[in-house]
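Structures are listed in the sections that come next.
Below, subunit A partners subunit B and then partners subunit C, in two separate complexes.
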Partner chain A sequence: MSAATETVSGGSARTARIVIYALLLVLAAVYLLPLYVMLTTSLKPLDEIRAGDMLALPRQPSLASWYKAWGEACIGVTCEGIKGYFWNSIKMVVPAVAISTILGALNGYVLTKWRFPGHKLVFGLMLFACFIPFQAVLIPMARVLGIFGLANSTAGLIFVHVVYGLGFTTLFFRNYYEAFPDELVKAAMIDGAGFFKIFWRILLPNSGPIIVVTVIYQFTNIWNDFLFGVSFSSGGASPMTVALNNLVSSSTGVKEYNVDMAAAVFAALPTLLVYIVAGRYFVRGLMAGAVKG
Partner chain B sequence: MTTIEPVPIVEQRQHRRSFVDRLGSMLPKIVLAPSFAITLIFVYGFILWTVYLSFTRSRILPVYELVGFDAYYRLWSQPNWYMAIKNLAIFGVLYIGLCIAIGLCIAILMDQRIRAEGILRPIFLYPMALSFVVTGTAWKWFLNPGLGLEKTMHNLGWESFKFDWLVNTDMAIYTVVIAGVWQASGFVMAMFLAGLRGIDGEIIKAAQIDGAPTIAIYRRIIIPLLRPVFLSAIIVLAHMAIKSYDLVIALTGGGPGNATELPSTFMYSYTFTRSQMAVGSASAVMMLMGITAIIVPYLYSELREKRS
Partner chain C sequence: MSFLQVKNLYKKIGSNDVLKDINIELEKGGFLVLVGPSGCGKSTLLNAIAGLMPLTSGEISIDGQVINDLHPSKRDIAMVFQSYALYPNMTVEENIGFALEMRGVEKAARAAAIRNVAKTLQIEHLLDRRPSQLSGGQRQRVAMGRALVRQPRVFLFDEPLSNLDAKLRVEMRAEIKRLHHKTHATIIYVTHDQIEAMTLATKIVVLKEGVIQQVGTPAEIYNRPANLFVADFMGSPAMNMFKGSVVTTNGVREIEILDNNTRVAMPSSVADQDLPDGKEIILGLRPEGITDEGLVDPTVVSMAKIEADVTLVEPTGSDTFVIAKLDGTNFVGRVRADVSIAPDQRFTFVFNLDKAVLFDPSSGLRLV
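And now, the complex of A and B:
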C-alpha cells in the first residue's frame, strides 16, 4: 500500500519534472526564434526567401548578403554598405565608455571616501539624472552642439554619451566603494598617502569586477543608442543603429530582406559577443542599474 | 632692516603651504565638481530650457517670447497626442503585466533545481543585450504579413491563418507589445530569480513539512515575499515604457498612419520634422512629469531605507 502510493507520487513527480523541462524548452525555442530567423534569412538568396518558408534552414547558405550589407548596400544616397557606420559607432563607443567610466570611478570614490556636507544631495541629483526622459534635453542639446560646431560629429556624440552616462557610472562605483572598508583608506591617510595615491594604490586595484560591469553596461547602452544618434547626426556621421534603421525603412528599389537581416546581425554582433563572453557581468550591471544597491 | 627681510619669506612660505594644504583638502571636491557641474547644466539647466520653450511660440527655431500655456492648449487639442497617450496606456499596461507574468513563471520554473540552468538563463536574457533597433528589425521581418509568420503557417498547411497586425491599424500597437515583452521579460525573470534565491529556505521547508502543496506555498508564502521585486520590476518597466522610442521607430515607424504613435515619437516628430518646437517641448515636459511621478518616490524611499 505504502509502496504503491510512493511509486504513484514518484511517478507524478517525474511527470511534473518532464512538464517543467518541456515548458522551459518550448520557451527557450520561442526566445531563440527571432535570432534564428534573422540569421537564416541573412544566409538565404532572395528567391528562396520569396518562395517561402521562414523557418527552414537555408538550402545553400551563402554569405553574399553579409558582404553586400557590409560594403555595398545603399543607405541614403551612398552605396558603400554599413562598414563606415560600424566604425562610426566604434569611434564613438570607445572614448565615451572610457571617459564616463573613469569619471564615474573618481566620483564614486569622492562620494564614499571623501564625504562632505551635502554629498547626499549631489548624489541624489546625479542619480535622478539617469532616469529623465532624454526628450526633455534634446532641443537644448541640439542647439548647444550646433553652437559649438559639434553637431553631426562623433565628438559631439561622445560628449552627449559621457554627459548622460555619468549618473550610472557614478552610481555603480559609489555602491561598490560604499562596501569597501574605510579602515584601509584611513590607514593609508595616516601613512601620508594623498587623494590620488589612495585611489590609485588601494581602491583601483580592488575595482576589477565593477570596472568590468560598468564598461559592459556603458558599451551596451551606447552601442545600442538610437535617440541621440538620430537626433544629433545625419548622413555619413551616423552611428550603426541609425544606419540600420535607414537601410531597413528605405522603400526604394527591391526590398532585400537578406541584406537587411545581415546588417541587423552586424549591429547585434558586438553586444552579443560581449554578452556571450561576459554575460554574468552584463546581468550584474543591469540589476545594479535597475534595482540599485 | 636685515632682521625684517626674512620675515616676509617665512610668511610667504607658510602662506604657500597653507594654500597647498587647502588645495589638497579641496581636491576631492575639485575632482567631483566637473561632473556635478555638467549634470547641473546639461540635465537640470536643459530641462529648465525645455520648460521655458514650452511656454513660447517656437516653431522651427526657438523664440524666447513667453506666451503662457499656448503650447499646452495646442498639445492637448491634438488628436495625435491623445492617440499617443492611449497607446502608451495600452502598451504600458500590457508590457508591464506580461513581462512580470512571463518573467515570474519562467523564474519559478527555473527555480525547480533545473540541471540546464546555465544554458537556459542566457537564452532568456540575450534579447536584453540587443539594440531596440535590431529587435524591431527582426520582429518586423518575423511578423511580415506577406513573407513572415503568416506565409510559414500557410506553407505548413494552415491556409486560413491570418496575422497582419503589423499593417492593421487596430492591432499594430500589440506587435510593439510582443517585441517589447520578448526583449525585457528575460530581464524580469533574472530579477525574480535573484529574489527567489534570496528567500530563506527554512520557511519553505516548514511549510512543506506541514504538508502544504507546492502551488499553495508559492501563492501564500513565496510570491508575497517577492513584493519588493514586483515593485522594482514595475518601476523599471514603466520607466522603459515611457522612454520607448527606438523599438516603435524600427518596428512600425509609428504607423500605419499614427496607429503606434507614442509620446516619445510624438515629441520627436513635432519638434524635428513638423516644426512645432513649442508643442514638442510641452510633450517632453509631460513625459518628464510622468517619469518624475514614478521615479522620485521610488528613489526617495530607497535612499531612506538605506539610511535606517
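And now, the complex of A and C:
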C-alpha cells in the first residue's frame, strides 16, 4: 500500500514538474520572440520582409543592412550611419558609470565607517533621490546645465547621469558596507592606514560583487536612457537611443525595416554583452547585499 | 611610575555609562587580563586604549606620555581582534607586512621582519595563502603575527582565543604565555574565560557593569576575592556560599552554618575581632576546600568534619566533583578520583577553613 501511494505521489510530482517546465518554456519563448524577430528581420533583404511572414527564417541571410545601419544610414540630414552616435553613447556611459560607482562607493564608505551626526538624514535624502521621477528634474536640470555651460554636450549628459545615479549607487554600497566588518577598518587604522588608504586597500578590493551589480545597473540604465538624451542633447551629440529613434522616424523614401532592426541590435548589444559577461555576479551580488543591511 | 596608566576613565555611549571611573596601572612587561561577564565594557575599554573611540573623560598614558589625543596609529600599540580581522584580499605575508608598509618600511626590511615573525609562530609555509584558506588556529597565529611584527609598546588582545575549539585554545594559551615570557611584551588581554585569566595574567582586573570590582594577582583574586561577585565569577565550579551567622560560646567565636545546625571555627582570613554575635555572614569555600578525609592538606590548621548526603557525582578523571546536600543547602566538594562514592550515600567531608572567606551579605564585600 505504501508502495502504491509512493508511485501516485511520485507521478503527481512529475506532472507538476512537467507543467512548470512547459510554462517556463512558453514564457521564455514569448519573452525572446521580439529578439528573434529583430535578429531575423535584420538579416533579411527588403523583399523578403515585404513577403509578410515575420516569423520566417531568412532565406538569404546577409549582413548588408548591418553595414548600412552602422555606416551609411541617414539620420536627420547626415548619412553616416549610427556609428558616431554609438561612440557618443560609449563616451557618455563609461565615465558616467565609473564616476557614479566610485562616488557611490565613497558615500557608502563614509555612511557606514565614518559616521557623523546626521548620517541617517543624509542617507535618507539620498534614498529619496532614487524615487524622484526623471520628468520632475528635466527643467531644473536644463537650467543647471545652462549655468554650468554644459548644455548640449556629452559632459552635460555625464553630469546628469552621475547626479541621478548617485542615489542608487550609494544605496548599493551603503548596504554592502553595512555588513562589512568594522574590525577590519579598526585594524587598518591601527596599522597606520588613513581614510583613502583604507578605502583603496581594504574596502574596494573586497567589493567585487557590489561593484559588478552597480556597474551593470548603471550601465544598463544610462545606456538605455532616452529621456535625458533627447532632452539635453541634439544633432551630432545625441546618444545611441536618440539616434535610433531618429533613424526609425526619418521618412525618406522606403521604410527599411531591416536597417532599423540592425541598428536596434547595435543599440542592444553592449547591455547584452555586459549581462553575459557579468550576469552571474549580478545575482550573487544582489544576494550578498540581501543577507544583511 | 607605571608603564601604562589609565586614570579616572569614564565612557558614555548615548545615555549609557559603559565605563565608570576606571583606574588601571600596568608595569612594563606586565600581562594584565581584563575579565568580566558579557557586556561589562571590556571591549570598550580596549578600544579606548587603542584610540578607536573617544573618551568621555579621563586620561590614558603610556611611558609617562598622555596619549588621549594621539591617533591609533601613533600610539605604538597593536591589537588582536576577536574575529582576527585579517584583510581577506591580502596574503598572509601582505597581512603581516601591512602595518610596516603603511609606515614606509622598505621592502627588504619588511620581508626580513615578516620572515622572522613567521618563524616564531611557525607559519612560514602559509605566507602565500589568503586568510580564507587557513584554519581557525592558523588565522589566530597570523593575527598574532600582524601584531608582533611591529614590536609595539603595548599589545591589546580582545578575546583572541574564543573562536577556537577547546584543545586548540589550550595550546594557543600556552603559546601566548611562552611568547610573553620570551618577548617581555606589555599586554592587555580581554577574556571571559577565567581559566585563561588565571593562567596568563600577572595582574587581573575584574569588571562588572563598567565598574572595576577588584585588581590583583591571580592568587589574590582567587583566594581573597574582594566581593561576592568576584568570588562567584572566578573559579569553576563556583565557590560554595553558605549563609550563616556569628556565635560566641565560652568566649570562642564560631560560625553557625547550614540552618544553624553546624558550627565551624572562624576562618583565619578574618582578622576583625569586633564582629558582633548574631551578625549575618556568608561563608565562601571553594570546592577544593571541601574534600574527603584522605585528601586533607597536612598543614591545615582549622578544619571541620561534616557529614552530608551525596546527590550527584561528576568524575573528571583526575578527581571527582561531588554535589552533596545538608539541611537544604547544596554544595560542591572535590574528592580523590579513587574514593568510592555514589549518590544517596552519606559521606564525611572535611571543610578546610583555612581557605574559607566571609562576606557581608548586605554589601557583598569580603570581611577582613
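One rule holds for everything that comes next: the second predicted complex is superposed on the first by the 261 of 293 C-alpha atoms of A that agree within 3 Å, B and C clash if a C-alpha of one lies under 4 Å from a C-alpha of the other, contacts with A are read in each partner's own complex, and residues count from 1 in each chain.
Here is the rule we go by: a contact is a pair of C-beta atoms (placed from the backbone, for glycine too) under 8 Å apart; a residue touches a chain by one contact, two chains touch by 3 or more.
This structure is a prediction, so every number in the text was calculated from the model and none was measured.
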Touched partner set for A:Ser233, first subunit B, second subunit C, both or neither: neither
Contacts of A:Ala28 with subunit B and subunit C, given as first, second, both or neither: first
Which superposed partner A:Gly192 touches (first subunit B, second subunit C, both, neither): second
Subunit C versus subunit B, contacts on subunit A by residue: B
First, second, both or neither for A:Leu55, with subunit B first and subunit C second: first
Touching partner for A:Leu184 - first (subunit B), second (subunit C), both, neither: second
Partner chain in contact with A:Thr154 - subunit B first, subunit C second, else both or neither: neither
Partner chain(s) touched by A:Met38 [first = subunit B, second = subunit C, both, neither]: first
First, second, both or neither for A:Thr112, with subunit B first and subunit C second: neither
Partner chain in contact with A:Phe128 - subunit B first, subunit C second, else both or neither: first
Contact residues of subunit A, present in both the subunit B and the subunit C interface: none
Contact set on subunit A toward subunit B in their complex: 17, 20-21, 23-24, 27-28, 31-35, 37-38, 41, 49-50, 52-55, 103, 106-107, 110-111, 114, 116, 120, 122, 124-129, 131-141, 143, 163-164, 166-167, 170, 194-196, 220, 223-227, 230-231, 241, 244-245, 248-249, 257, 260-261, 264, 267-268, 271-272, 274-276, 279, 282-283, 286-287, 290-292
Complex interface listing, subunit B residues touching subunit A: 24, 27-29, 31-32, 34-36, 38-40, 42-47, 49-50, 53, 62, 106, 109-110, 112, 114, 116, 120, 122-135, 137-142, 144, 147-149, 151-152, 155, 182, 186-187, 190-191, 194, 232, 236, 239, 242-243, 245-246, 249-250, 253, 263-264, 267-268, 271-272, 277, 280-281, 283-285, 287-288, 291, 295-296, 299, 302-303
Footprint of subunit C on subunit A - complex, ascending: 181, 183-184, 186-193, 197, 201-202, 205-206
Residues of subunit C defined as touching subunit A within the complex: 47, 50, 52, 71-73, 77-79, 81-83, 85, 87-89, 98-99, 102-103, 146
